[in-house]
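So, here's a batch of structures to check.
In what follows, chain A forms one complex with chain B and a second complex with chain C.
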Partner chain A sequence: MKISEFPRRILIALGLPVVLIALWWFASAGSTSFFWPPLSTIVQAFPETWTADPLLHDVLPSVARLLGGYLIALLVGVAAGTAIGRSRTLRALCEPVLEFFRAVPPPVLVPVIALFAGYTGSTSKVLTIALGCLWPILLNTVEGVRSLDEVLLDTARSYRLGRVATLWHVVLRGSSPRIAAGARQSLSIGVILMVISELFGANRGLGASIVQFQRSFAIPQMWTGIILLGLLGVVLSALFRLVENRSLAWYRGQRDAERER
Partner chain B sequence: MTTTTPTLTGPAEIRPVRAAGRWRQPALGLLGCLIAVAVVEALPRLGVVDSRFLPPFSTMARSLGGQLTEGDFWTGLGQTLAGWAAGLAIAMVAGIVVGVVIGSVPLLRAVTASTIEFLRPIPSVALIPLVVLIYGSRPQSALILVVYAAFWQVLVQVLYGVADVDPVVRDTARSYRFSRWAIIRSVVWPTAMPYVVTGFRLAASVALILEVTAELIIGVPGLGKSIGVAQSSGAVPETYALVLVVGLLGVLINVCTRAVERRVLRWHTSVRGEA
Partner chain C sequence: MSDTIALDVAGLAKTYRSPGRDVEAVRDLTFQIRRGELVCIVGPSGAGKTTLLRCIAGLLDLSGGQIRLDGTAVTEPPAGMAVVFQEYGRSLFPWLTVRGNVELPLKEKGLAKAARAAKVAEALDAVGLPDSADAHPWQLSGGMQQRVAIARAIAYEPSVLLMDEPFAAVDAQTRADLEDLVRTLWKRLGVTVLFVTHDIDESVYLGQRVLVLSNRPTVVLEDVPVDLPDDRDQLTTRSSPQFTKIRTHVYELVQSAKRGERPEPS
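Up next, the complex of A and B:
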């Protein structure tokens, strides 16, 4: 039973992607269109374009900036969000202002940050990513901390759990599903900002190289860049899900148990 | 959020004091806004931040006032809103139709799952070079980016919604020989409705982000382009004024979509419970 299930699942998961790629391959096979080169050409161009040098000097720094900015946003967002979420007054005071900052489309930050520091170094790019990713994490943390179960907090208090222990085991644990939801939103904003920050005054980086290919009309190379960027997005979201599944396993279990009741 | 032990909270449950609490929240919110404005006003005036980089709030406000009287500003605003609305509308219709069709056929759903999971996280900005080549800085460029980004938000929510249909209700409808269309209209659609509205809310803000991004990066006419032009010509107060407008536009969109959500779902328990 189990053994015959397996190939079926593989077939279902891989069937459509294979068909679609095959369609692309054959539909574009004889293509002479400038914008849509044959897929075979793109595949050939891929290893030639992304050799060790661009991987080391374009892709790696881009990803490093993304992760740097994202981690800063995560730390600041969770810390500030917990502080704001714990205090009713502070929350009422900050909420409209935070709503405004969240509503500002993040790419608009680029010209504003460019005013302060120019836009050539890595710092400004990391700052852009961090500022863009901050708001969803911050607001979701506030919401998560706010909607904590009062009983859990009271229980922690009556067992005389220390401040740090309460914060760690009750507050952060309890709000982690919401924090994860915010962090997931932020990740896709981070990838967008990683690319956009490189379109301004940078000559190296994944986003910058894709645009350079486009400007120099190196179309198959541009396509390889687009595909690489897409793969990066897929890998990052898969990694995120892996971490989320491990750290939120208790929550999933609890929720499923409640549904069955 | 789920609360696990509802039985233990007795009459001692803490509730905000009603009489004073009613105005407290908005008053504090207003105070927060005023403090933020005062900080932005004070920082450059006290010389903490160079006023060439961050002009005092009053200067931004004056610049904004000046722009409100200019036709260019309103044209830009109109172009941004038109692009946003068109993209959002296309994404909504496409997302709902595709979502209901895929969601109602289990085989189709199983077969497409991996493809959707793969295509969804592809960042829409990856398409920027392609649309620039094909459309340049015409509004179509922005439209494609907006539709691509917003479509997935709607589609995924609709799929969740359709999967949420109670099998007993669906089987009941089927045994009463409801037609396929009648089942979609009176069983699937009401169940999926809350998810569709959530998808709408998410898609509305994503669509604004992508619209402004396309204007800023590609130069599609609209407010985003004006920001880029103002910044590169060194018109700092104008840059901030426009950023302020775009932010307020985002807040307005959030408020409106939440109002739509409450209105469309006023029959639904999640909204009725709040009242």
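Up next, the complex of A and C:
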């Protein structure tokens, strides 16, 4: 990326949000509706609502549970997906079951998981997030590993790459674009489940706070929570893109090179 | 006598078995390649050239016969063999740089870092790509990518180098350059080369011998010696009467193979 291009890209990226915020600001400016407060009121409520205490005891634990569940899903999904993708027998055995579990909407699992792991603790919430995030990662990993190029695998074999080197340098690197696609899907599922997992047996947490504000008719505060949630999503996806850009630069380059030919 | 034989293929047979249908690809192949030889294999398309090569490389199980590399039976990809595949774009690891691609097998061999760096530099130099070490394969042209694959193979220091129609997918001029590169490397490094191709001219230009295969199920139709001078170049060699004579002979053999002619069973 050229230096001169950078400010331009920032402008383009910020353009639409600025327009939307302006629209919201002016459209809601004279609003007297209780459920639809002016944006200025919401902005005022923001620093009052999200002080150190709720940031530390609501937002942080929520984000920690999200990342914990997500990482568990990533580890289990990639490991199991690789095993299933590499073995024809295992694949034939697992595929119907996987399709079944994928079709079950993860929020349905929340009460079931809560039954076993308890309503209040972190375990059930992390488990919910992990289970919901697992399927896109798992299925994409299976697909990525399965569609690895035969010639690449033959090359690895003929140069006598060991199991570990083949797994690391060939199988995982080769399926990383698909794994990343699954991981990206899972990230947004994770955010949704982070909120949903706090709806039942709500004690504290970002999602629980939003629901409590709503139930106590603290409407501007509720809106600040929703905005915070959106910002969290933006930050997470930016972080994801950062990692992706570094580790999948070869994939983009190769794709662009193929397009040019 | 036996220690001058690098590759010994005896009675090689390969039948692909699937439920309800067996396909006999290779029936009975027997040939030997002496250490330091450059031998080409040609045959009509569908003659099982790639099957043969994959068997020799230890990538396919045999249905019968035996392959010995330096006296040891081949049951898995042997350490003394390197393969250059036809699909260069698919045999180089796109996530590794050129250096990474050449270096990876050496790392796996357990070579120390300094030794690896020296071998990588040497190999890239030998194929004429000393400045491309940090590029990714997809940033290079097809011919250059195949040079990288060749560099990886020679850096591995195999006793036999297998090449499976390596230049089938590059343009004619690049192909001529790469053919000369193979001759040069072969002479310089003294490596044994088994070169599979469907191009009759290429086989005569490159080889000291040309093995002509029959159609399926494959046997060796004839072992044609190429008595051309060792110093070959694209212009004079290809226009010499001797080249034309051998080329015509191999061409006729391939034509008769296509018609289904086979040697008398002995």
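Throughout what follows, the second predicted complex is superposed on the first by the 245 of 261 C-alpha atoms of A that agree within 3 Å, B and C clash if a C-alpha of one lies under 4 Å from a C-alpha of the other, contacts with A are read in each partner's own complex, and residues count from 1 in each chain.
Here is the rule we go by: a contact is a pair of C-beta atoms (placed from the backbone, for glycine too) under 8 Å apart; a residue touches a chain by one contact, two chains touch by 3 or more.
Quantities reported herein were computed from a predicted structural model and do not represent experimental measurements.
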| item | value |
| --- | --- |
| Partner chain in contact with A:I72 - chain B first, chain C second, else both or neither | neither |
| Which superposed partner A:L93 touches (first chain B, second chain C, both, neither) | first |
| First (chain B), second (chain C), both or neither touched by A:F101 | first |
| Most chain A residues touched (candidates chain B, chain C) | B |
| Partner chain(s) touched by A:A165 [first = chain B, second = chain C, both, neither] | second |
| Partner chain in contact with A:D149 - chain B first, chain C second, else both or neither | both |
| First, second, both or neither for A:R157, with chain B first and chain C second | second |
| First, second, both or neither for A:A83, with chain B first and chain C second | neither |
| Partner chain(s) touched by A:Q254 [first = chain B, second = chain C, both, neither] | both |
| Which of chain B and chain C A:V63 touches, first, second, both or neither | neither |
| Chain B and chain C footprints on chain A, overlapping residues | 149, 151, 254, 258 |
| Chain B to chain A touching residues, read off their complex | 1-5, 8-9, 13-14, 16, 24-25, 28-33, 35-36, 53-54, 110-115, 118, 120-130, 132-134, 205, 208-209, 212-213, 216-217, 224, 227-228, 230-232, 236, 239-240, 243, 246-251, 253-254 |
| Chain A residues touching chain B - in the complex, by the definition given at the top | 12-17, 20, 35, 88-89, 92-97, 99-108, 110-112, 114-116, 144, 147, 149-151, 177-178, 188-189, 191-192, 195-196, 199, 207, 210-211, 213-214, 219, 222, 225-226, 229-230, 233-234, 236-237, 254-255, 258 |
| Touching residues on chain A, where the partner in the complex is chain C | 149, 151-152, 154-155, 157-162, 165, 169-170, 173-174, 176, 250-251, 253-254, 257-258 |
| Complex contacts: residues of chain C adjacent to chain A | 54, 57-59, 77, 79, 81-83, 85, 87, 90-96, 104-105, 107-108, 136, 138-139, 152, 156 |
